[in-house]
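These are the structures in question, set out in turn.
Each of the two complexes below includes subunit A, the first together with subunit B, the second together with subunit C.
Right after this comes the complex of A and B.
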């Protein structure tokens, strides 16, 4: 067994598999285990699994301790370069300072997480002087190395990472922080708006984007422009905002390029791999978990996908029976995305799904329908919001009866 | 009187309604778990926050050690806590949960290490 990625999802899958008696090797490209949690020093992790609000490192350490107790083999500073899938054996090629590492295994769990979108991907004009960062880079710089990026900071993006970084920079002694974003209101979680932005009176400008970065060697500022509801710049509203640092926090994208190269099917909505109810990709015996599948707001949910994949690996290795025809699961009109994408195994376990709504609603019915539009199941959610990935359980016999399942908000 | 509080304890962000009369809380609604019930009552009576930051660490593979207050501190003390920690330097090895500063900024709350850090080379 090889697990690629030593973040919380990879660690959780490894621990479960080792407990089941499989021989697991974890490959991690960073110098230590723990994934992005090691730089997320704020609290709020583990409220579902442990009913406590741990910090990122504390949560990750729970699993790292387990990995050490069980003596799971792991390599850090080891980057997986390629994976070949044969009919039963899989070949993993990884690089580290000792050289090239070749491993063959019967099943693989990918847990490579997500990466940040860059300013290049959102078409920002102007120059590229020093002082332009992504939020994750800054989080690492400040929390791990203790270096502040600048004195007057502009943050682009009203998501969680941007807000968390804004608060942190302010507390650590940056003189001025301003946040701009194209939406009418922050896209991130309500808790972060309250405790990161409003608590500290951090100034912010909705419906505003960076038109141009200004500066030769170092950032001198940015030209800001107002946008309309379609995020189209409104001419004549340009203003110059002086600052020495611009931090982009404009979204996360699953690290799925390796899987794509291997021929795994990719969902254009999540930009992660298409998976079945045990988080197996379209390549048999190749599993994908955590933020690689879709960006999870709760690490607890990411960890759940890892536990499910561990069950799936066992089924795969034991050659358990699959259905003649998989049942597709898909999001309806008001859902932006949903995983898993199909139910493929013949067993009795209820299906755990995660979805993100594209609308904000209080007391919202989530309705599942079969292929012909007949309702098979409904459940009431207190709130659904685009900012929150929701969890849903669907009874296996309901799925069995339907030829396909479409889930939507009503 | 009734206030609506957004629970900040986890990403769900439940809207909790707290009703109170003459200083005592009469009903709490809308929380997703007990952490949130506790939080919402606190937020109305005496708002508090967990403070997370980093301190300088020597002889470790990294320059900073993430730390946090072991319990929430009053909201208006957050900046003071961060200030009090600005000059603190510790030496590796450090164990997770180890107390780094006792009774920080007179809050009677301790600041603890969020992670283990082994000493460099050891």
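Right after this comes the complex of A and C.
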């Protein structure tokens, strides 16, 4: 078994598989296990899984310790060059300071996480001087290297990462932090709005985006512009905001290019691979877990997908029966995205799905319908909004009866 | 020399449109000096171009000011230059036969060409690295020479330079692919003339007349081998070409390179052959003796010299003026280029353009081309800009490009856009290369106005420039020990597994991949630094680290770590290109 990626999801999958008696090798590109959590020194991790709020490294250590206890083989500083999928055997070619590693295995779990969306992907205008960064990179710069990006900082994006980095920079000694975002209010968790922004009195400008980055050698500032509800810039509202650093926290994108190259089907909504109820991709025996599938709000949920994939690996290796035709699961009109994409195995546990709504609504009914529009089941969610990834369990019996399942907000 | 009365008359006529303005001019030895005031920058460009077109005009120095002229900036620049001049004029740091000003592809090519002879050569560049001006923001296309007007120097040097690239690539070890270009003729090609052409003939003109007119234009320009392609043939050559393409002209000589790799290779080879390159050395003035330059004063000290080559790109006009031979004004023309992810590479086989007539008079219109690294580029645009360093990109530029070129290909995943950037072309008002001895300084050679197709012409420009230096009196005896070869930076990107394994066994840094998107190892980064890279962007240009889909967000810190270790400086002292990357340590602690 090869697990690619030693972040929380990869670690969780490895631990579960090793516990089941499989021989697991973890390949990690960074110099230590733990993934993105190692730079997340704020707390709040593990509230669902452990009922406790750990810091990122603490949470990661829960699994790293377990990996050590179980003596799971792992390679850090290791780059996966290529993956070949044969009918039963798969071959992973990796590279590290010791040389080229060729690993043959029967199943692969991809847990390569996500990357940050760049300012280019949101088509920000202006120049590209020194001082333009992404939030995760800055988090690492500050927490791992002990270096500050600049003195007067503008943060673009009202999500969790942006807020956490804003507070952090202020505590670590930058002189000025301002947050701008295109929505009417912050997109992240309410607790972060309170604890990171409001409690520290960090100034923020809703319905505002960066139109242009200004500066030749280093950032001199940004031209900010107000936007309407469709995020369309309102002409004439441009103002110049002087600063020496601009940090973009404008979304995360699954690292799925390797899977895409291998021919795995990719969902244009999530930009991650299409998976079945045990998080197996369209390539048999190749699983994908965690933020690679879709970006999770809680590491706890990401870890759950790893546990499910571990069960799926077992089913795959034991050659359990698949359905003649998989049952597609798809998001309806009011859902932005949903995983998994289909139910493929004949038997198994109830289907765990995650979705993001495209609307904001209190007391919202989530309804699942079959192919002909008949209602299969419904459940009430207290509050749905685009920025919250919701978890949903669907009874397998109900899926069995329907030819396809469409889940939607009502 | 007395001014040609016909030139005077024609300049006067060219200025007719600005009768109500207070514009005056004088002509000295074929150079027109314009004075006065216009309303806008656009008018300033327009006046210059009108005069530049007049037959017999060898150069236009446009001293006209426009409303909102940046007097403060000009004054600040003068004051700063004077200060830096005073600080450095008495500090002689070297003595050379030839000093080349400007480290773009033109300057580095000339410097390298000179090292073939028994002369001492120095190249001065104001930035911390070579290839950071127009050279780095070029789309890397080596044009065949069909487009430039027949009687221009750029036509002559383009046609010649294009065919010299095989040898350059082989000697200098840079990536080079002669992929050819395909110019599509579609129902949109003559859309603006459609009303003059009766419907039944429209397609006939497009399919049977126009392509041959282009082939003929090529032949008149001495570009042979152009071919007309029609029907299925088009799609066999370019499967993804737009389906309504009626015909196409195939230009077999068009090639692609990585423009900064070419300049870096030239610089490295020049260094190896004894040239000295001064980076961070901005020219602020000259020491003159009569009509000769005795020394070039830079921000790093003074270089005494016998000859000076002005290859300063967008600043060539200011250098010429400082030297005492103002013969042209540069009107910067910005070009924006879009860069797409490597996965789009297989969709484009040739350099593609859709012919739309009338052609934009000042650009060949740009198009879609693959890069030697497998990416795809769309662009460039062409817009006049006041600021010589205006490399900003408007959101509108992006939309314009996405829109303009969307009719070349049947389908293209435009969401795979990973970067956009702008470069500034050093255009003169005569819109031709200016490669000639200065009129009023006897040992200064102008190599100015090198706009498109400057990259394609570079090998020929270098030879031509050195010939002019010889005519100016520089003795050129060939050096028997000249080594034309430069070893490219080794990479394991396309190496076999066994080869990689052996490399790692010899040096474990080959096994440390620092940029996953482009598969760049620590050893390549260290080697790039050893060869002179001092900044993050310099490493990027040499190794491609940070050029993938994440645009460096995953590798900047690893690169910064290696750079700080190798240069022995702290993170806070590291530079991106010319600006500081980071600023200080957490809570004021030092490491």
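Note that in this section the second predicted complex is superposed on the first by the 409 of 410 C-alpha atoms of A that agree within 3 Å, B and C clash if a C-alpha of one lies under 4 Å from a C-alpha of the other, contacts with A are read in each partner's own complex, and residues count from 1 in each chain.
Here is the rule we go by: contacts are C-beta pairs under 8 Å (C-beta built on N, C-alpha and C of every residue); 3 or more make two chains touch, one makes a residue touch a chain.
Quick caveat: nothing in here was measured; it's all calculated off a predicted structure.
Student: Let me test your reading of the model: by the given contact rule, A:380 touches which partner, first (subunit B), second (subunit C), both or neither?
Tutor: After superposition on chain A, A:380 lies in contact with neither partner.
Student: Output check: A:38 vs subunit B and subunit C. Expected answer is one of first, second, both, neither. What do you get?
Tutor: So A:38 only meets subunit B here.
Student: Report the partner of subunit A that touches more of its residues: subunit B or subunit C.
Tutor: C
Student: What is the contact status of A:95 with respect to subunit B (first) and subunit C (second): first, second, both, or neither?
Tutor: After superposition on chain A, A:95 lies in contact with subunit C alone.
Student: Should A:121 be classified as contacting the first partner (subunit B), the second (subunit C), both, or neither?
Tutor: second
Student: Touch check for A:172: first (subunit B), second (subunit C), both, or neither?
Tutor: Both partners, subunit B and subunit C.
Student: Mind sorting out which residues of subunit A both subunit B and subunit C touch, each in its own complex?
Tutor: The answer is residues 142, 144-146, 172-173 of subunit A.
Student: What does subunit A use to touch subunit C in their complex?
Tutor: Subunit A residues touching subunit C: 29, 77, 79, 81, 93, 95-100, 102, 115-116, 118, 120-121, 123-131, 133-134, 136-137, 140-142, 144-151, 172-173, 211-219, 244-245, 257, 260-261.
Student: In the complex, go through subunit C and note every residue touching subunit A.
Tutor: Within the complex, subunit C contacts subunit A at residues 343, 389, 391-395, 397-398, 417-421, 497-498, 500-501, 504-505, 508-509, 511-513, 516, 519, 549-551, 553-554, 556-557, 561, 571-572, 575-589, 591.
Student: Taking the complex as given, what residues does subunit A use to touch subunit B?
Tutor: Touch residues, subunit A against subunit B: 31, 38, 41-44, 47-48, 51-53, 55-58, 61, 142-146, 160, 168, 171-173, 189-195, 199, 297-298, 382-383, 388.
Student: Going by the contact rule set out above, which residues of subunit B touch subunit A in the complex?
Tutor: These residues of subunit B touch subunit A: 6-15, 30, 32-35, 49-50, 52-54, 56, 61-64, 66, 68, 75, 78-79, 82, 86, 96, 114-116.
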